[in-house]
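In order of appearance the chains are A, B, C, D, E, F, G and H, and numbering begins at 1 in each one.
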Amino acid sequence: MRQGFPEVVFCQGKTVDQVVKIVQNLAQCNNNILASRATPEMFQAVKEIVPDAQYIEIAKMIVVEREKKKSGTERFILVMTAGTSDMPVAEEAAVTAEVMGNSVRRVYDVGVAGIHRLLAQHEILQAANVIIVVAGMEGALASVVGGMVAKPVIAVPTSVGYGANFGGLSALLSMLNSCAAGVAVVNIDNGFGAGRLASIINQMR
Amino acid sequence: MRQGFPEVVFCQGKTVDQVVKIVQNLAQCNNNILASRATPEMFQAVKEIVPDAQYIEIAKMIVVEREKKKSGTERFILVMTAGTSDMPVAEEAAVTAEVMGNSVRRVYDVGVAGIHRLLAQHEILQAANVIIVVAGMEGALASVVGGMVAKPVIAVPTSVGYGANFGGLSALLSMLNSCAAGVAVVNIDNGFGAGRLASIINQMR
Amino acid sequence: MRQGFPEVVFCQGKTVDQVVKIVQNLAQCNNNILASRATPEMFQAVKEIVPDAQYIEIAKMIVVEREKKKSGTERFILVMTAGTSDMPVAEEAAVTAEVMGNSVRRVYDVGVAGIHRLLAQHEILQAANVIIVVAGMEGALASVVGGMVAKPVIAVPTSVGYGANFGGLSALLSMLNSCAAGVAVVNIDNGFGAGRLASIINQMR
Amino acid sequence: MRQGFPEVVFCQGKTVDQVVKIVQNLAQCNNNILASRATPEMFQAVKEIVPDAQYIEIAKMIVVEREKKKSGTERFILVMTAGTSDMPVAEEAAVTAEVMGNSVRRVYDVGVAGIHRLLAQHEILQAANVIIVVAGMEGALASVVGGMVAKPVIAVPTSVGYGANFGGLSALLSMLNSCAAGVAVVNIDNGFGAGRLASIINQMR
Amino acid sequence: MRQGFPEVVFCQGKTVDQVVKIVQNLAQCNNNILASRATPEMFQAVKEIVPDAQYIEIAKMIVVEREKKKSGTERFILVMTAGTSDMPVAEEAAVTAEVMGNSVRRVYDVGVAGIHRLLAQHEILQAANVIIVVAGMEGALASVVGGMVAKPVIAVPTSVGYGANFGGLSALLSMLNSCAAGVAVVNIDNGFGAGRLASIINQMR
Amino acid sequence: MRQGFPEVVFCQGKTVDQVVKIVQNLAQCNNNILASRATPEMFQAVKEIVPDAQYIEIAKMIVVEREKKKSGTERFILVMTAGTSDMPVAEEAAVTAEVMGNSVRRVYDVGVAGIHRLLAQHEILQAANVIIVVAGMEGALASVVGGMVAKPVIAVPTSVGYGANFGGLSALLSMLNSCAAGVAVVNIDNGFGAGRLASIINQMR
Amino acid sequence: MRQGFPEVVFCQGKTVDQVVKIVQNLAQCNNNILASRATPEMFQAVKEIVPDAQYIEIAKMIVVEREKKKSGTERFILVMTAGTSDMPVAEEAAVTAEVMGNSVRRVYDVGVAGIHRLLAQHEILQAANVIIVVAGMEGALASVVGGMVAKPVIAVPTSVGYGANFGGLSALLSMLNSCAAGVAVVNIDNGFGAGRLASIINQMR
Amino acid sequence: MRQGFPEVVFCQGKTVDQVVKIVQNLAQCNNNILASRATPEMFQAVKEIVPDAQYIEIAKMIVVEREKKKSGTERFILVMTAGTSDMPVAEEAAVTAEVMGNSVRRVYDVGVAGIHRLLAQHEILQAANVIIVVAGMEGALASVVGGMVAKPVIAVPTSVGYGANFGGLSALLSMLNSCAAGVAVVNIDNGFGAGRLASIINQMR
């Protein structure tokens, strides 16, 4: 295990049995465990073996956190979403970053179609150390935020939308073509990856 | 010819000879002619036959305008671009609308990566009757503008960009997935189509 | 809220609980509310809290309409479909426009494979102020209609079809490449967006 | 060689030398030869060896026709185009069919954005035995024609257009999704294939 | 109704009620009716209203055939498939052609990976008047058959396969790029369209 | 260097200077060198430094072969093409295999649209040890060959074709979806990769 | 049947009845049968007719193996996976190769994000005769393995992943573009095809 | 101008005149200027006006650097490439980071097909503060590097390759699907964006 980070299990595409067995093994020699894309059924089965496991439903994550990492609040990661439907992905990012010992603040539902909502967040944007922008549909939030700050912006396209969003492709292409410098992109719906990278950057000294 | 509009020739994919012949025929019974996607060579050849033809280089358009349509300035079409590279497409739209008898105003290079540039245009945005938004790369300008006004916004994706913009696809998908209502989209680089539609809307009573 | 328009909720991808809570909040300070892509279950739950809510099943819309907007009939929006399967999308557009205070007329199942059906509608086409064309498969109706009138045509591609329609892509590309000027396109199945834009145009003075 | 048809050479992607050598060989034992996608240079080189070769420039075809096939005119193939830019592909089809012994009639520039132009051709449409429809952009002509007749319609999408036509993809998908039965499609710009198939059908007894 | 053909209903995407109502209406003034993509439930509901309706399960078709069209056997349509999984689409084509008054013969499961199976059918291939080739996966059968005969070949790509077949795209592109002349293509899984076109060609005189 | 193989330089995207410098370096400590995708200019520049370099024009390859590897003829690699335009890619494969010490035999222009041409090669097909199939357009040759033999078939899709071949995509998808087992695929136009893999397999003991 | 190989049934897209009937027929004249993509239900039904049939659940394969093929262990096929989720596809390959008389060894979960896991397998990589690499997501394992050995590497992209993996497309493109020579690719999730080809190569003499 | 960074001009798609005018304006009030995607002609024209401008040919960048930013070497950015053809993009990133005041070290041509080349760089990988990975073809280098370190990895896909790399799409999808956490991606060939983001991260305190 890399120093200071919990072990991570990606549950999607695994059976309940497989998840239980993997978590059980990890629990024997790790203080902290994170399981992403976990169903409630997986959690129930894990809890019987690892009673101190917790479930964050909206993020679909199982967390075992025996050794709490302390995190100052002055250096925080800001997680933003364009809409409320992007929240599950945003929470996957936020929980990941928190369990990895970061202070996280959330600003949700500030999509660009109501630019005043975003502008009202100017202060917290300037105070943040790293920013995660989660957006589906046309994913324009990443460009606007990227232009407002001179800090690392990690853009997470989501599959939220319909029709010509083609499962998140529209937001993905938007973010890759962002005219704002300082923006990098992770896979569609990959909240975990964004949280992990934000944590690495936030903990650089 | 539909009442009040010039005849329009789409020159791309035609030979110089074909263009000359078509314009020559039209010039015999029309007062106003518009030719889009015309090369300087085409213009030279046309000018020899129709001496009062004019060439707007940046828009790549040949204009014959014998009967000037009067246009009040109180009802104007606003043409906006995200970057300076989007100007040729924007001018195709603007010239089209002007020749069709509309008053046009231009606000260029106000892309969302510098949102203050856009916000500084608040007044003209509210004053406009119809808005044409021309943008390449991530095409986010259409969503932000669409959210600031309650008027028809015609979005023109451009092929400006590189890499994962795939010839304008990124801006096109962005604009189609705009979370702002009141936005409709025309083909990539289709300045003419946007200008024509804006003119129709602007002249409704 | 923008003057004169109802608040709009996009229900797809939200839980019943989320929809109820949002509608409940809106109902406290708004006279008119529109919820699109709502399931019957969502409606049942909303109705318990907001008893004057109504459900238009084919459009999958919940409507709360306390302050009826008056709409003259001389300026009407025409909603057309190519086939009967395009009706749900067309009704989303029509209901949206009606609730926003427009007079709407419907001409359904006039696809281009039986061109006489369309030609028989010549009169109403000429009388309309704005036209919404809803079509799946090859989406050719937008081009034919666009060529018959000199008014704004809003084209809505639908995902109706199979095989190489690729979830609405065929109709979308058709409409974007329309050889008729005056046509603009919204997202696949986006009846709401078309209705909203048509309303804005129809209410211009 | 199949009885009654000329030998056919596809020149694209071949060198002038290769084309000359192939035509020379064929000319020794065939009366009729057809070479498609041939450049003027190829024709010059071929002509020195096969002096009775002819070049149809717009179709980019070299024809050697020593044994004229007689063709009645009562059973004719109708070749239609939506625009003038589709003519090279249409002529490839028409010349192919003629050299194979069919009577061919042409109706060009009758795209659906001016439906009256098409309706004016009603008589010849009903008189034709097989119809080839050549169209780019949104390719809607195939559907409208297919709905007007109960005869075989061969649709040829062309790469004419720009932006979201993606090299002919828009017209191809349109034609494949045609809501008119009786329509089948060949490759983008494949005039030869359409002409050959039309000839086979036209000569069935 | 076009002379001599039954009325056709496309059931996919319609409710049971809608199908029943349409068939009921047609049954009052037509002798023959064909409904494609019909579920067993649709058939049960239709049968209660139109007792002489029949269901061909593998083709998912409802047939009402009161006035049997006579068809000689000397001029027959040959329907071929590459695999057994292509049979539902092939039967949609075959039943369509039969109900429209054609003699049909079937040769199934002769895919090119066992070329001897195809070569063994040489005689029937030469005897056929029109050939429908139904194939998924790489769709190579159309090219091989197209090269063996000088008759119209209608290729139907199917969505049979997995992985990089992308829902029938692989077979579709194969068939469109066929190096054999005389082959034209209909939409993925469109057995009806192929049967209808084959019938038109087969009944030409 | 892996035992027994020449060093390989991929010239595409390199400058003449870069290629010369790389070859010069390699020539000092290697007996055999292979450079693929080399232009005639690159060869001229290389020849001045390495006078015993040879150029195989059709394969666009520079070969330095000081230590001839002996190759029995009983175990040979068969390189086949569907058309003559596929020859450059086929020769890249063939030359690669020969320089790597294999006996190679060529059977060109045996595409499936004339299946008798392929069947006439039955004997050599059965005698070969490994088979490379090079084909563009619909790429059907790989499936037919794969079904005729129980040996490794390496399929090379080529970009030969036009329209819906999309730069080799049609042949690539065809070959990946081959219904014949025993077929594997390399990148579009990757003759070198196919030759190298065939050599590895052919030299297994 | 080709000498020495079992008959193979591809069950996906077939009904239980169809599978039973096919297996029953084969069982009458074959000693060994392999059925891939079989559901447990299919196995239960087959077992009633062919009692000596066995089911390998993870590979979803039914095996009838009456005449065990002997396989030395010195020449073995190595099957590798990047993650545990790739195991079903890997087992399809492994079981196929075993039933065809090969010795198979497995090295699972050695993806490149932990390169030490892969390097620890150096010895078995060098000892293997043919290598099958099964990987989803970015599919990078094939390139790394291909660079470590001079033996045939058969790469199987899997549909494991989410978002921009587009059902296996990311791994497929990665593997086709592998910068390591000696790698060839089969269809997404096509474990059977890889096992079959590996067997052919492994049994060459 | 954001504190401490030079003004940046993106020259692609601009005329020589436009570039000269923009640089001239910037030079009047800025000490440092960076122009990317500049041709040698653009540089010549700029140099006449701004004599202290320099041209870094391989990176295609014009640099005006009057106020040298001091950069310690202990905190450095590591720029890596898979092949030599990726160098232009890598140098765009490196020069950008250097001009923005960072210490940069380069490790080129360490693609994964020769994994030992990469492993030999273990020490510098661990010493780096931020890592930029530039790779075309299958882009696997990002995943392997991402797994070796716990620092921010910025992946830049390049358009280097041919065939199924589709202009950089293969590397892009690979990198987005990286199984290593801590990796984020910028647009194809976007060296500037990567250099800018790396600079921001490297200068965080």
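The criterion applied here is as follows: contacts are C-beta pairs under 8 Å (C-beta built on N, C-alpha and C of every residue); 3 or more make two chains touch, one makes a residue touch a chain.
The structure presented is a predicted model; accordingly, all values stated were derived computationally and were not measured.
*Asks:* Can you tell me which chain lies farthest from chain C, using the average of the Cα atoms as each chain's centre?
*Replies:* F
*Asks:* Distance from the CA centroid of chain E to that of chain F, rounded to the nearest Å?
*Replies:* 41
*Asks:* Averaging over Cα atoms per chain, report the distance between chain D and chain F in Å.
*Replies:* 36
*Asks:* Roughly how far is chain F from chain G, going centre to centre by Cα mean, in whole Å?
*Replies:* Chain centroid spacing, chain F to chain G, equals 27 Å.
*Asks:* Specify, in ascending order, the residues of chain F that touch 2 or more different other chains.
*Replies:* 163-166, 169, 172, 176-177, 187-188
*Asks:* Between which chains is there touch?
*Replies:* So the chains that touch one another pair up as A-B, A-C, A-G, A-H, B-C, B-D, B-H, C-D, C-E, D-E, D-F, E-F, E-G, F-G, F-H, G-H.
*Asks:* Any idea which chain C residues touch chain B in the complex?
*Replies:* Residues in contact with chain B: 2, 5, 8, 129, 150-152, 154, 172, 176-177, 181-188, 192-194, 196-197, 200-201, 204-205.
*Asks:* Over in the complex, which chain A residues touch chain B? Could you list them?
*Replies:* The contact residues of chain A facing chain B are 82-83, 111-115, 119, 137-140, 143-144, 146-148, 161, 163-166, 169-171, 173-180.
*Asks:* What residues on chain F touch chain D, complex-wise?
*Replies:* 84-85, 160, 162-166
*Asks:* Flag every residue of chain D that touches chain F in the complex, lowest number first.
*Replies:* That would be residues 12-14, 18, 157, 159, 167-169, 172, 187-190 of chain D.
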